[in-house]
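Here it is, the structure in full.
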Amino acid sequence: MPLSTIPLAAMPEVIAVPSDLLARWQRTRSRSLMLAEPLSEEDCVVQSMPDASPIKWHLAHTTWFFETFILEQHETDFVPFHNAFRILFNSYYNGIGEKHPRPQRGLLTRPTLAQVREYRHNVDLRIAALCQHGISPDIASLLELGLQHEQQHQELMLTDLKHLLSCNPLSPAYWDAATADSAAAHTGAVSAKAEVAPLAWHAFAPGVAEIGHAGTGFYFDNETPRHRQFIEPFALASRLVSNGEYLAFIADGGYRNPVHWLAEGWDWCKSSGLQHPLYWQQVDGQWHEFTLFGLQALNLQAPACHLSYFEAAAYAQWAGARLPTEAEWEYAASSVPEALAKAGVALHPGASGPELGLQQLYQTCWQWTSSSYGAYPGFAACAGAIGEYNGKFMVNQYVLRGSSCFTPQGHARATYRNFFGASARWQMTGIRLAKSVPPTP
Amino acid sequence: MPLSTIPLAAMPEVIAVPSDLLARWQRTRSRSLMLAEPLSEEDCVVQSMPDASPIKWHLAHTTWFFETFILEQHETDFVPFHNAFRILFNSYYNGIGEKHPRPQRGLLTRPTLAQVREYRHNVDLRIAALCQHGISPDIASLLELGLQHEQQHQELMLTDLKHLLSCNPLSPAYWDAATADSAAAHTGAVSAKAEVAPLAWHAFAPGVAEIGHAGTGFYFDNETPRHRQFIEPFALASRLVSNGEYLAFIADGGYRNPVHWLAEGWDWCKSSGLQHPLYWQQVDGQWHEFTLFGLQALNLQAPACHLSYFEAAAYAQWAGARLPTEAEWEYAASSVPEALAKAGVALHPGASGPELGLQQLYQTCWQWTSSSYGAYPGFAACAGAIGEYNGKFMVNQYVLRGSSCFTPQGHARATYRNFFGASARWQMTGIRLAKSVPPTP
Amino acid sequence: MPLSTIPLAAMPEVIAVPSDLLARWQRTRSRSLMLAEPLSEEDCVVQSMPDASPIKWHLAHTTWFFETFILEQHETDFVPFHNAFRILFNSYYNGIGEKHPRPQRGLLTRPTLAQVREYRHNVDLRIAALCQHGISPDIASLLELGLQHEQQHQELMLTDLKHLLSCNPLSPAYWDAATADSAAAHTGAVSAKAEVAPLAWHAFAPGVAEIGHAGTGFYFDNETPRHRQFIEPFALASRLVSNGEYLAFIADGGYRNPVHWLAEGWDWCKSSGLQHPLYWQQVDGQWHEFTLFGLQALNLQAPACHLSYFEAAAYAQWAGARLPTEAEWEYAASSVPEALAKAGVALHPGASGPELGLQQLYQTCWQWTSSSYGAYPGFAACAGAIGEYNGKFMVNQYVLRGSSCFTPQGHARATYRNFFGASARWQMTGIRLAKSVPPTP
Amino acid sequence: MPLSTIPLAAMPEVIAVPSDLLARWQRTRSRSLMLAEPLSEEDCVVQSMPDASPIKWHLAHTTWFFETFILEQHETDFVPFHNAFRILFNSYYNGIGEKHPRPQRGLLTRPTLAQVREYRHNVDLRIAALCQHGISPDIASLLELGLQHEQQHQELMLTDLKHLLSCNPLSPAYWDAATADSAAAHTGAVSAKAEVAPLAWHAFAPGVAEIGHAGTGFYFDNETPRHRQFIEPFALASRLVSNGEYLAFIADGGYRNPVHWLAEGWDWCKSSGLQHPLYWQQVDGQWHEFTLFGLQALNLQAPACHLSYFEAAAYAQWAGARLPTEAEWEYAASSVPEALAKAGVALHPGASGPELGLQQLYQTCWQWTSSSYGAYPGFAACAGAIGEYNGKFMVNQYVLRGSSCFTPQGHARATYRNFFGASARWQMTGIRLAKSVPPTP
């Protein structure tokens, strides 16, 4: 989930400082440190691949965001905490200037983790000082944006860490397996032995739908403008595809038969020698899955996750269905606004319950849509470095909807557009099936 | 223009053999050989890059198509012309079996060009024999499909040949420059000195449009089903971006400023060291362009061509506009059905005329749209090897509309969907700008 | 066999024009064309990999050599045949100026083969004209050098052509198989059924040997200066390793056991998925070998060829032996000067005879030595472009001794140093084993 | 300096336990930890490139060596410290079994540095226990080998760490710059302002020399058997090439002129965009060099270091000289046995003194020779996993002689053969020139 977009469109002319903003900001800042708590300095510095970043880098970059976009603009007598950090912790803002190359983020053994914590503390104090006599709407907007940005990186911290730990033959756990059970309990995950409810189809009638964010509360600009789309009749699956169902695809030669795959996906599958989802492995003939609790027996009821778009599309083809468009997903999700409230955070997605309604829309796995990530009609980039990237990523990426169990509470919404390339597997990504419904004669 | 799609949807239950089908088929078959006429055996065997194929391979593959999909199914006592050709000239049909690897098509010095001509002659005679007592609707459909397929490859022959010749420091011409002038005259291209008409904007009102082929005449299945799309108000440029206009982009540092580019496009631009369109080069300080007439002084009035999606998108951003969606393009083009008739074939695209109406929709350059190539709602793949590939290419490709001066007469239509990857430059691709129109208050 | 070296050291102050030089020069020039005789234009233009060059390029480059190093220097009112050829057909002489990139030699469909023949004819006439009133020793030396250079390229023509044809699933023959038998007869190859003589060991006593060319007749400068080397006692195998013997290595898991391999060789073997020599393949469970006669049943008596240094070293380790040093090889070969006379040219190496003496030193397969290609003590580069490359290739290459059945008659000698990288397989390369002999107590 | 070789040849039938062996062993084990003392956990876990290893990995692997080759063989009731370590810390011993992939050594955030220290402590105690009642000659030999092996890795620790720190834009120092001056003082380095003595030539007469280790004291098996080589007359430079001299090469366009370079070296130079030695950079127009003391102004008197073989050969060609063969180097070094005693350890090589005798043979920079790394005549691999690798690296590597300032005291000797690939630059490698001496008439 790259930081995609900017909320300048969300900035009202004049706002009262949201009463809860500072409190939410503080909680968010603390949570990042809390996520790193179970980790050693060594765990925090290493980068497992160019797509992933070290924990320490996430901690520094989210701080850099506040220093660069708020303090540098609004602090009297601004002096940077460290001159070099402007470059070291710039992710991709060409407008800010030079950037330390992404694949080399893991080479930064200095500054140390302790120094990065000090950096965080320093910037937090200066932000607090800036806010103590009230803040302008502009700063409030940037604070909200930085908070949302940091939430995105909190999800990435867990995602990138999972990849790093998975590269270690010792299969180390981020969190104790005993806690895993209680965590599962808290997120309402059912026991591995329970039967998952059969997949049901929810049909939707055709018509012109309003798609995109309507303008109340925070949103990223890629969710706007709200606009009209004609939606032909379709049906959406009640829940995500389970590990058990995905296993049937594998057993049926899913990874060996080109007929199910997009041509580019098949080339990728063959050249990568893929035979199963990213974190699956067999131990003594039994399927296991690497999780943040370490290596666990595969729960057949839980949703299949860490799947690429190519795998998701191949599964859907094999299953006689297809992936939904992002408009279909949003249209359907908007029909069950209550789904959002029930969502909780977890370190691994739980199985669906026995209900047949639309389940697992949020806080389970991000759900691939067949929609290439692009601009909504009338989308316009805003000015300055922060707005430099509107649409910068709108090519060769596919939209994911919903949210995952790694997504911080309160971060998701029906109009949210996440996006990744078609071969990305290290994100918490799963499959919700859709079908076109032929017109009744 | 990969062979993308199949017309089984186009097959009516029972048809009378179209009166002109055999005549068109014969003309099409002859034209392929005619295109190779000015070339030596050496020109016909070499492959300049994995994306391009040798002329000889095109001549053989288009023949293979008829042999495999018609003769093998319908000829009594079918015996293949040569056993190995089934593999050698299979492009990408997994359902047919093995394929000679695409990047090695240029290593096939045997069969010789003479033998491939013999292959063509043999299959042509057998097809004629099969047809002499009338043909079934199925065969008629396959004949039409093979004809359309061959037309696609005729365009590729010129496209791939141009790339091959461009790799030669001698800048050899496919066609004599003297002929170039008369060719330009024939296609209505104005003199390089004439002023091109200023770019005008054509506005379109919002509403639900019917998109996709309505079902009369030949079409590929990716053009179906015809379905509804809501189109927000937009405006479309009257003509393509000219070389002169594109030169202003270059002069303004277009290839050096990341702010105009999609992030992936910028990485590609930098790592490839791009500074101008594919076939441009400076000779003694003057811009020239490699064409099928050899190296020519750059005609500032003619449309900029051989541009990637990345370059097209960067230009549009720089120009304060955007690329159209494919629905917008089709909607607009449908409003000027007469445009199609005026189109002619040429070896290089001519400049626009003085008219301010929608110009250069067809037979000039394929026009990048911002639409990722995907399935229309309700799109369904058909059975068998020929249908195996419905949608197989529907990922990480962008739709091009219209047609180019290389496209055979009669091949284009408003609903036609061509597609290539975002970095493809060797195709005859240009830019038509679009704009969103804000709602009037 | 890149053109490695230059014979300026061989230029005496004043020489009489060698009586046979022009005759040999004419025969050599004619032979190059003769080698291309059985080929189509298509066969002559294609380049199968960056290491190999098209036949047409060889024909042009050898001509360029005479034009550049003789005519350009010595012809009155020199005008190049074609300006662009100076670049197009320069192999690697930085001193001459720009070079057409090696991997793109196969893209030159123009000049045509006919034009290259014309180029050859033109330069031949001009050389003849230059020589008709007698030539200076300098020109004589350059003529001899160009002749030797062309002989090297004649060997490469067959070598590169073999690789090209091997890439074609049709396994086309350069020469008719019927002729193969007679060719085999001519080269003394025994029938596939005959037993090859057992491998015998020839021991050599220690001492200071003179290594390098002594100065009579033509030689390349990398063969000089003649110098002293101390040679510890060793033994050399009487003949090359046969296909039958190599098959035993394969059967014993030779390609699967790292213990036999150099570390870099093993990495290369694994990543390339090697399981047998380059041109071997199984047809219906029987080993065959691609040859210039097409695909032939593997002759177990014939020497194993087209082996890389890595494979040669692995085989030697497996066989409890080692490769000889180049000094050992030269020292041993010098003891049988009569071996050279018996050598003949063939399109495939023949099996060894029943003799136990040192066999197959020449005109069979080039024989890998364990010696890295380096400068002899006191080696000095000469001046000018032609001498620019003395030693330029003296890194990461291994010396091969003897000659192959592709080597033109009269080209080989005991001091000749051929060299290729450790993974090169497309040359006609085989294995002669050696052993160190422990001192007798 | 990969662990190249094994001393089984050095194992006498029966030995008395060397009185100082255990003391040296203890000092060596302690020194490895001492080297890591100034570093954070983060510094110790990161791997900067596949060629380099993390400090933590070095600490663990050297321990693994004792556990695997001594304890596993000789400890009663051997139980491994941790089962997985057998794989994780195996460098390249196929005979031991699986290996964690080299490029992924930096992904091992677990075991933590603390756990690796514990591992070291545990194995040290068990080795001590094993030795307390006396040890067999076999164990004594293995202990000596493990000690020498650990010394090699101590040099690598500094070498790899230097590379890691150099990748950090903050240019962090391993050791305080103030200490740098005293360190320089301790190693006899002269002030940057002093003039370095002019380069003098030491001539050596021709003759048969004995090359290789004579058998007293420790040696690696690649130094044997001692054998005879004929050495033609040559001269050796009195000291290494200085930074000032190397700068003249750069100023003369050394990195832009192919005439100085080996062909492969030139390709590498161009494709890598090289313009100066690895750790050089300009700051405000002044040349600086990254060192373990951080970024320092370039000392023109100090030897040029971190040069590849390709750069060394190009410099030598430019300077009208050549690199010595390893036999020449050993022959010359043997003539000044006292040179070894004066050597000291330092974190950066010091400038040469005013003497004109053979200087800087040891403890300055490893010195490239023109000799490809190969087997001495009669070299034989020994049995078992530890001997599996005799000669395994003897291809495409060039021999370096002497030692560097990173080499532990007492580790170097005249017969020592270090080796690296021709493009390796991260080692402490410099240039000593040589010349062939023409015979006096």
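Before moving on, here are some points about what is shown:
To keep things simple, chains are lettered A, B, C and D as they appear, and every chain counts its residues starting from 1.
FYI, a contact is a pair of C-beta atoms (placed from the backbone, for glycine too) under 8 Å apart; a residue touches a chain by one contact, two chains touch by 3 or more.
All values derive from a computational prediction rather than experimental measurement.
Taking the mean of C-alpha positions as each chain's centre, the chain lying farthest from the centre of subunit A is C. Separating the CA-averaged centres of subunit C and subunit D is a span of 38 Å. Centre to centre, using the average C-alpha position, subunit B and subunit C are separated by 47 Å.
Centroids of subunit A and subunit C (each the mean of its C-alpha atoms) stand 60 Å apart. The multi-chain contact residues of subunit A, meaning those touching 2 or more other chains, do not exist; every residue touches at most one other chain. Across the whole structure, chains are in contact as follows: A-B, A-D, B-C, C-D. Touching subunit D in their complex are the following residues of subunit A: 40-46, 48, 56, 84, 87-88, 100, 104, 106-113, 164-165, 167-170, 172.
Residues 92, 94-95, 206, 208, 227-230, 232, 234, 258-259, 261-265, 309-310, 313, 322, 325, 370-372, 374-375, 377-379, 388-389, 391-396, 422, 436, 438 of subunit C are the ones touching subunit D in the complex.
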